[in-house]
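Chain lettering (A, B, C and D) follows the sequence in which the chains are written, and residue indices restart at 1 in each chain.
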Amino acid sequence: MNDKLRILVWNEGVHEANNEPSHIGDIYPDGIHGAIAAGLRSYYPEAEITTAVLATDDEHGLDEEVLAETDVLLWWGHIAHHEVSDAVVERVHRHVLGGMGLIVLHSGHFAKVFTKLLGTSCSLAWRNDGERELVWTVKPSHPIAEGVDSPIVIPEQEMYGELFDIPDPDDLIFISSFAGGEVFRSGVTFTRGKGRIFYFSPGDQEYPVYHHPQIQRVLANGVKWAAQPGLHRAAPEVTNPSRNWFDQP
Amino acid sequence: MNDKLRILVWNEGVHEANNEPSHIGDIYPDGIHGAIAAGLRSYYPEAEITTAVLATDDEHGLDEEVLAETDVLLWWGHIAHHEVSDAVVERVHRHVLGGMGLIVLHSGHFAKVFTKLLGTSCSLAWRNDGERELVWTVKPSHPIAEGVDSPIVIPEQEMYGELFDIPDPDDLIFISSFAGGEVFRSGVTFTRGKGRIFYFSPGDQEYPVYHHPQIQRVLANGVKWAAQPGLHRAAPEVTNPSRNWFDQP
Amino acid sequence: MNDKLRILVWNEGVHEANNEPSHIGDIYPDGIHGAIAAGLRSYYPEAEITTAVLATDDEHGLDEEVLAETDVLLWWGHIAHHEVSDAVVERVHRHVLGGMGLIVLHSGHFAKVFTKLLGTSCSLAWRNDGERELVWTVKPSHPIAEGVDSPIVIPEQEMYGELFDIPDPDDLIFISSFAGGEVFRSGVTFTRGKGRIFYFSPGDQEYPVYHHPQIQRVLANGVKWAAQPGLHRAAPEVTNPSRNWFDQP
Amino acid sequence: MNDKLRILVWNEGVHEANNEPSHIGDIYPDGIHGAIAAGLRSYYPEAEITTAVLATDDEHGLDEEVLAETDVLLWWGHIAHHEVSDAVVERVHRHVLGGMGLIVLHSGHFAKVFTKLLGTSCSLAWRNDGERELVWTVKPSHPIAEGVDSPIVIPEQEMYGELFDIPDPDDLIFISSFAGGEVFRSGVTFTRGKGRIFYFSPGDQEYPVYHHPQIQRVLANGVKWAAQPGLHRAAPEVTNPSRNWFDQP
């Protein structure tokens, strides 16, 4: 089943285009999206895995036809959230409600579509000091935790700390601690409409986090969990049924 | 404590202004908001309970000063959701994240501020056929269920049925069934930011539901639960703390 | 993957042995467990699907070796809960915490292992009056709801009604209404330790519910969701790690 | 209201009796229960606050009459869980289902009544190395978080770390990190039957944690949240209502 998944890795791609930080080309020669896609290919060699960036086209590579053919969309953004057009945000939102999986990564917590889906500010505490991050599993029965070490040790990362202003998640799978003592709900799921959403915080542009085998495993698990390939893609709508409509043959 | 609560009952007030349905003046001579406010006064005789409608002023009676002085806002709307200005919606949303309680009633499921807070379509099934509604308590330990009969019997109501497209609530307190067999999660809570939200579905403009003593009890409990009168009203914000900031005296 | 699942359908088998009700042999000639197993075989033709009843042996067919080789255990019981030995209850409990899937059916709400896993009385309201049950989906994004009609119409069933004294479930998937107006949280999931638990209420011994194609679909989905075939079966245990143990190679 | 609360602080009292550790008399001259009770008295000066220990009497000070007159029971235990009689465990369990509040502290995670209410092993990782604990608020809208600093800084504590084998809590309010990098869900709520349960982990016998003003604040908030003084104390029970019973006057 999973080998036929249609996965789209979206990255704003602005850090790469600006060569900022200057070593980004060293750690991500194919872009952050390229590294994420490579990790997923190692798990699902026959899946259709494509990538797109903000500058792809007027629709940022996220037009109606593309989304209709996408089972799971991964989203990485940071400094260009405001450049994503509202029309694209509305479209992605609608597809999530209709059943498209969405995996939001790291600074994507401020992506317009994420705050629109969650309804909160999604604000947090942050500090870029190259701190060790430990990612602890707290829900081992969840499919996204399958085969994942606890803790995952990430030698250097940007710190993301509480208060993370999100609604109570459906499932809290991972909690991170940082060398400075802060904690963060780093792996959380939500459902909105028919769609499944997974937010996973590790992955700053300054550190080679997406090459970490355990991080790749989490993302592969996340894609498998979020995908609903056979589902008719349609957001819930108002209905006005007559009495006993369910008895009609 | 609760006698000092500052409660604002907001109603679009359009059905009343239009005398539609024609008997609305008979069942709600002081408007839907008037009936709700009267019910709350019987529970909290010393509270500051005020009302406002869409036509109150340019801000619909919901300007910055008013919201800053409101512990809990109750919201009834139906045919005029689109007439609520986006600026007011943004303001109410910000106050909820900052800790203002919000109680959304019946057809308020489609209020702009509710869908903005929840992130889903909030669509549902409906049928106006004067069906008996039974409201069953499923979380008796919740403060909103305190002293409430299970079931509450409402002789005639509009049917609201599943699928109700909302996120998983923090707490599911009431489930309704209707004479036609449909069910509905009729009493649910959410938290967003520092704010507490209660959605309660009974209360159509055609039926005298807000005069029902048990419905009044639920709303009184809801107000008490949602209020945080001592809280500094400020939505969560991004911070960038230095290491060990918490050790500073 | 799913064709290799190891599924055990357990039924106390006492109604069948006693021929009570007298038509049970007509609706369930191979026992309730036989009907459930047949339904699962139609979905997973290559799975290892076995059955056991209370009288199978001293261990009720649930010895250590059997459970160790079981991915998902389905449990139907009613009038003989007290005859299940405490040793077997402890063993099943331990296997669930270690990752074995458990699907508890209908009057299994009072099975010793279910109340032990949940910690509550699991009491409810009931009435055997052959009422129509409607099973409504309220979480369409859940794997157990995949492809399931909403509502499922069951022409005649025993009524189970709220208050169902269970902890808040991880996921509420189905809510039922009955002709008499009662409602019931009829499809709920829990996790305990590493194990996944699904409770599904339709299925009284007096009515041929397990032949209903939609009910069979729900059970097939439940088995697939609850199974973790690759997981090392071990319940969580206390550990006393030294500092920085996670840095050891 | 809260000044009339009836609060019972229960402590096994074995560490104190054994003078183990040898400095326990210095940090807790009135016992751990005495310190907890003193903290609560500063918040609720007119409440009836009593204490009991394992050796109080044959019922450990927890007979039927006492529990019937208790709104909230706080529980501290560690090395003598097995000495608590099963009859007392059953009684406390029944009172919780009937609506008595229960606050379980620190090593009380292994109290018989706690594992019975939760259904899991409640196992965890631990290390007694005098590590700094930081207690972070992750649900600021919860009554138990009212007025609490985030983080609470505890200079020295025993480390409790994940995996904490508990069911998904109703609300996750606090997450702790420790100097060694481990994290722990240190403040969680559950409901069982009509009862409200709060588990809060800080408070080892070796460190003067219960004198910490912020810890006292959390416990005071917890008591207020868990108490239901007006509730009829009766656990949910099976009922067998006739059709339309709710229409009877």
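Here, a residue touches a chain if its C-beta (ideal position, glycine included) is under 8 Å from a C-beta of that chain, and two chains touch if they have at least 3 such contacts.
A quick note: this is a predicted structure, and the numbers were derived from the prediction, not measured.
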Chain copies touching (subunit A, subunit B) - same or different residues, decided at half shared: same
Name the chain whose C-alpha centroid is farthest from the C-alpha centroid of subunit A. D
Computed distance of Cα centres, subunit B from subunit A, in Å: 32
Between subunit C and subunit B, distance of the C-alpha-averaged centres to the nearest whole Å: 37
Listed in rising order, subunit D residues that touch 2 or more other chains are 134, 139-140, 151, 161, 163, 168, 170-171, 181, 191, 193, 236, 246
Which residues of subunit C touch subunit D in their complex? 97, 116-121, 123-127, 129, 161, 163, 165, 167-168, 170, 180-181, 190-193, 235-244, 246
How about subunit A: which of its residues touch subunit C in the complex? 99, 134, 139-142, 146-147, 151, 153, 170-171, 191, 193-196, 228, 230-231, 236, 246-247
Please name which positions on subunit C make contact with subunit B in the complex. 132, 134, 136-140, 150-151, 161-164, 168, 171-172, 175-177, 179, 181-183, 185
